[in-house]
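Below are two complexes that have chain A in common, paired first with chain B and then with chain C.
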Partner chain A sequence: MPARNHKRWNEVPGELREGEYIDSRIYSDRAIFEEELAKIWKKSWIVACHESEIPEPYDFRTTTIAREPIIVARGSDNQVRAFLNVCPHRGNTIENRPSGSFRNGTASGAPRHMTCMYHGWQFDMKGNCTHISREKEGYQNRLSRNDLGLRRLRCEVHFGGFVWVTLDDAIGKTVEEWGAGCFDCLQKHVDAEPLEVFHYHKAIIHANYKLWHDTNSEFYHDYLHYHNRITGFNDAYFARQNTGFENGHVTVGSFEVQYDKYEGFESRESLSFPGLPPNHWYMIDMFPGVNFNLRGSALRCDIMTPLAPDRVLIEFRGLGLKSDTPEERMSRVRHHNSIWGPFGRNLHEDLLAVTTQQAAMNEHAEPRRILHGRHENNTIHDEIGMRHFYDEWGRWMNRRPSDPEKPYAAAA
Partner chain B sequence: MTWKRVCSAGDIEPGRLAPFVVDGITVIVANLGDDGFSVFPPSCPHMEEPLDQSGICAGLILTCSKHLHQWNMRTGEPTGPEENDRELLRYESRVEGGELLARIDGELVYEHEDDEDDDFEW
Partner chain C sequence: MIATHDTIRSTIYEASLALDECRWGDWLALCDDGFYYAIKAFSPEIRYDMTYLDGNRAEMVSMCDLLPKHNTDRSPLARHTVVYRVAVDESDASASAVSSVAVYRTVLDGMASHVEAGSSNLFLVGKYHDRFRLENGDAKFVERIVQLDTRRLDKGSHWPI
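Right after this comes the complex of A and B.
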């Protein structure tokens, strides 16, 4: 096929139709990015952390959702609650550490309370304001601590102990309803007994968050993965099905992986999750940006936090069973790292791919088309996962992914 | 009523405070200089701040540095600019033969509410 001049380059290639390609501006445009935070990220259930990261009463974890600081804390009643990590007084960040415990107090505050270090205002684990200085002298009867509770956020511990938070009080859906069945394939296996995070790392990637979601949403980029190309494939690998669910979620069906055929790998026959046959591989991509990836003995969860059109913070967690023996845990860690560790099979290659993708579609580049047009009976060669995601994206944004200047229209 | 040895009078410099454990009960001892000693429980009457870390002595006045609540260590009365209606509980004490003795029959404790009720509504 010949190279194309500028005019031909800008035409829709071949006979691709609406929904089978998207406009690169949705990965790079600043206004669209800000709109995504407002219309999608502030309106969805987002995973903040896993409950095993705050195992004891008064443990906390901080994060952000759509640039809003969030704190998740476990109360003396063992319930996990989420709040805006913002003092109602002068708007300071209350807790600056990523995690810790309030049990013994902080440098400027009382035990078992959150403390704003600026003026010593205190809040309990339920978000009640329990101390402000000179309450009566300063505010007479115009304002009291009863008026000054924290901004509480809807929070649920669900789908294997993950802590879900939303900024939208009026979301109108439980996390279960939000999942719309996409977690059915794993739910009973990850809810049978408590899970525990054994691996955590985070990275700021120079890519739009959707590019990372894309790379998790199709499985035929094995051209990228040297080790995948040379070992471990079988027909069942390619026969797996992508399934779309309401709210933009997609799952990839499992198959029995021959881990012992991977060069340098061992079988995962002896270790799995409760009730789950060994050596399987499930993938759940949830809208707008969390991915669950269970490979036999290790569950991985990627949580994305978009920072800018071309920046995404990805937090990677590896999980096993809380009841693991030390030997079982070591196996899970080894299996996790062999795929997803820094010297693992493919994580770094995926990161490289999305980074170079973003470099070519920077905000000053001419808009161009990104093709999602493969149809192969919904198998992993099919780009149905991305089409499903972008249809949902268009609905939430009221923009057409193929031409974001136009309002959303359902694909034919 | 038992008088128990807490420490030697020379163990703490005037104007300082320090924790001691007497028969399993932790107390704070403050050396008030010419005004003798004050012996009181280790947590702040306000919100259980650990006074061995947060307590500051100045003359007779104890200040908890966390929320700037203050007490007169001789009388236990609250004082200072912060609103505070809680008394500082104290153990009776005296010096005898260079040893500080305190009357400790049981641990003095403040009542603190646990978390307030969760009567939050969406």
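Right after this comes the complex of A and C.
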């Protein structure tokens, strides 16, 4: 096939049909991005952190969802709650550290309270306003603490101890219902005993968040990874199944990875998760941007925070069992980071690939088609995972992924 | 004593030059057979001492040997290393040193090279905590712990720091 002129370049290639390609504008258009925050990210269950990051009463963790600052805190009753991290007085963020404890007092506030340092307003761990400086003098009987509680957010600890938060009070689904069965392949392994986060780092890359989700949900790009080719490409690998679930989630089935095929790496057969056969590898991609990746001895979780059409924050966590011995923990750390750490063999390659993908999709550049048209009986290199995701995306946005100026229509 | 301190400093700077120029063999030649390497960071987010990468000498040799098989951002890294403290234990023929290190990346590829290539950006900051074995006026690394302050590492790297 010769190189194509402009007319041929803009035609749908071959016999691909709607649903088998995407318009690149959904990765670069600012209006679409803002609409995604409003229609998807503010309406979904999103992972805020893991419960092991707030192990003690009064521990807290801060994050953002769709630009809204969030605080997750463990109360004296051991319950994990989430609030907007916004003081109802002048709109400051109440807590500015990424994590810590309210057990001890702060410069402006009392122990066991969240205190806005600006004017010293205080809140208990259930979000009740407990102190307003010179309350009666300033507000007389016009306003009281009862009117000024924090904005409570729905929050659940689920699927291996992850803390899920939604900005939508009327979401109508529990986290279990939101998962729609996609976590069944891992749930008994990660819920058998408490997990603990041992790894955390961040990346902000020039890429749309969906491109990162794509790279997690399609394995055709294993050609990018020498490690995966050498440890994986065999009949069992090519038989792995992609399965779509309601709400846009996708799982990729397991097989036995031959880690010792990579020079300098060891088999992971001596360490796994409860009930999970050694050296296995499951993937769960949850709409709109949370990913769980379990390679035998280490669980990885990616949480995406879209920042702009071409910019996403990705938080990478690695988890093992809270009961790990120091030796087991070190093995899990090494297994996780040798592939997925910031200096690991695969993660750098993935980040490089999606960044160079975005580099050809500048805002207002000529739209082009991104192909999702591989059909291989729903096995590992079938692109059904992305097709499933974008069909869900189209319904939430009422836009057609192949032509976002048209309303959603189910692919034939 | 002064000569020994100079030897330690010189070895640290030679290592930085070799790493900057991706001369992995020359870097590893400065390392003892019992060498251990690790990149670590404390995360205030999860309140945990993390190990981002580690390995013994053989594992680092293997990692470097396999680099050509991987897809890597070829943008050069430049280490600005300043040796802050050297301590020599003559009775044990050993030494330790603490250096500050800032690593800059000069973009070659990995993004829109037409726009970005040639720009230099701070990649990470941290400290080298080094231990040495001294023999015949020579110093060999027996351990290098790269203790990072930076935890937002964006695209990361395949290369030792």
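Just so it is clear, the second predicted complex is superposed on the first by the 406 of 412 C-alpha atoms of A that agree within 3 Å, B and C clash if a C-alpha of one lies under 4 Å from a C-alpha of the other, contacts with A are read in each partner's own complex, and residues count from 1 in each chain.
Just so it is clear, a contact is a pair of C-beta atoms (placed from the backbone, for glycine too) under 8 Å apart; a residue touches a chain by one contact, two chains touch by 3 or more.
What you see is a predicted model, and the numbers here were worked out from it, not measured in a lab.
Peer 1: For the combined arrangement obtained by superposing on chain A, do chain B and chain C clash, or do they fit?
Peer 2: Chain B/chain C on chain A - fit side by side.
Peer 1: Looking at the overlay, does A:M125 come into contact with chain B only (first), chain C only (second), both, or neither?
Peer 2: first
Peer 1: Of chain B and chain C, which one touches more residues of chain A?
Peer 2: Per-residue touch count on chain A favours C.
Peer 1: Classify the contacts of A:K322 with the two partner chains as first (chain B alone), second (chain C alone), both, or neither.
Peer 2: neither
Peer 1: One more residue to check, A:S338. First (chain B), second (chain C), both or neither?
Peer 2: After superposing on A, A:S338 lies in contact with chain C but is clear of chain B.
Peer 1: Go through the superposed model and pick first if A:E137 touches only chain B, second if only chain C, both, or neither.
Peer 2: In the superposition, A:E137 touches chain B alone.
Peer 1: With the C-alpha centre of chain A at the apex, what angle separates the C-alpha centres of chain B and chain C, reported to the nearest 10°?
Peer 2: Between the chain B and chain C centres, as viewed from chain A, the angle is 80 degrees.
Peer 1: With both complexes overlaid on chain A, does A:E53 touch chain B (first), chain C (second), both or neither?
Peer 2: Second partner only.
Peer 1: With the two complexes overlaid on chain A, what is the closest approach of chain B to chain C, counting only CA atoms, in Å?
Peer 2: 25
Peer 1: Take the contacts of chain A with chain B and those with chain C, and give the residues found in both.
Peer 2: none
Peer 1: Provide the residue numbers of chain C that touch chain A in the complex, in ascending order.
Peer 2: Per the touch definition, chain C meets chain A at residues 39, 41, 43-48, 50-55, 58-59, 62-63, 65-66, 69-73, 109-112, 151-161.
Peer 1: Touching chain A in the complex: which residues of chain B?
Peer 2: 44, 46-50, 66-68, 81-83, 114-118, 120, 122
Peer 1: Considering the complex alone, what residue numbers of chain A touch chain B?
Peer 2: Answer in residue numbers: 75-77, 79, 104-105, 108-113, 115, 120, 122, 124-128, 130-131, 133-137, 149, 152, 154, 169.
Peer 1: Could you please specify the touching residues of chain A with respect to chain C in the complex?
Peer 2: For chain A paired with chain C, touching residues are 52-53, 61, 97-99, 197-206, 224, 226-227, 262-264, 317, 330, 333-334, 337-338, 341-345, 347-349, 351-353, 355-356, 359, 362.
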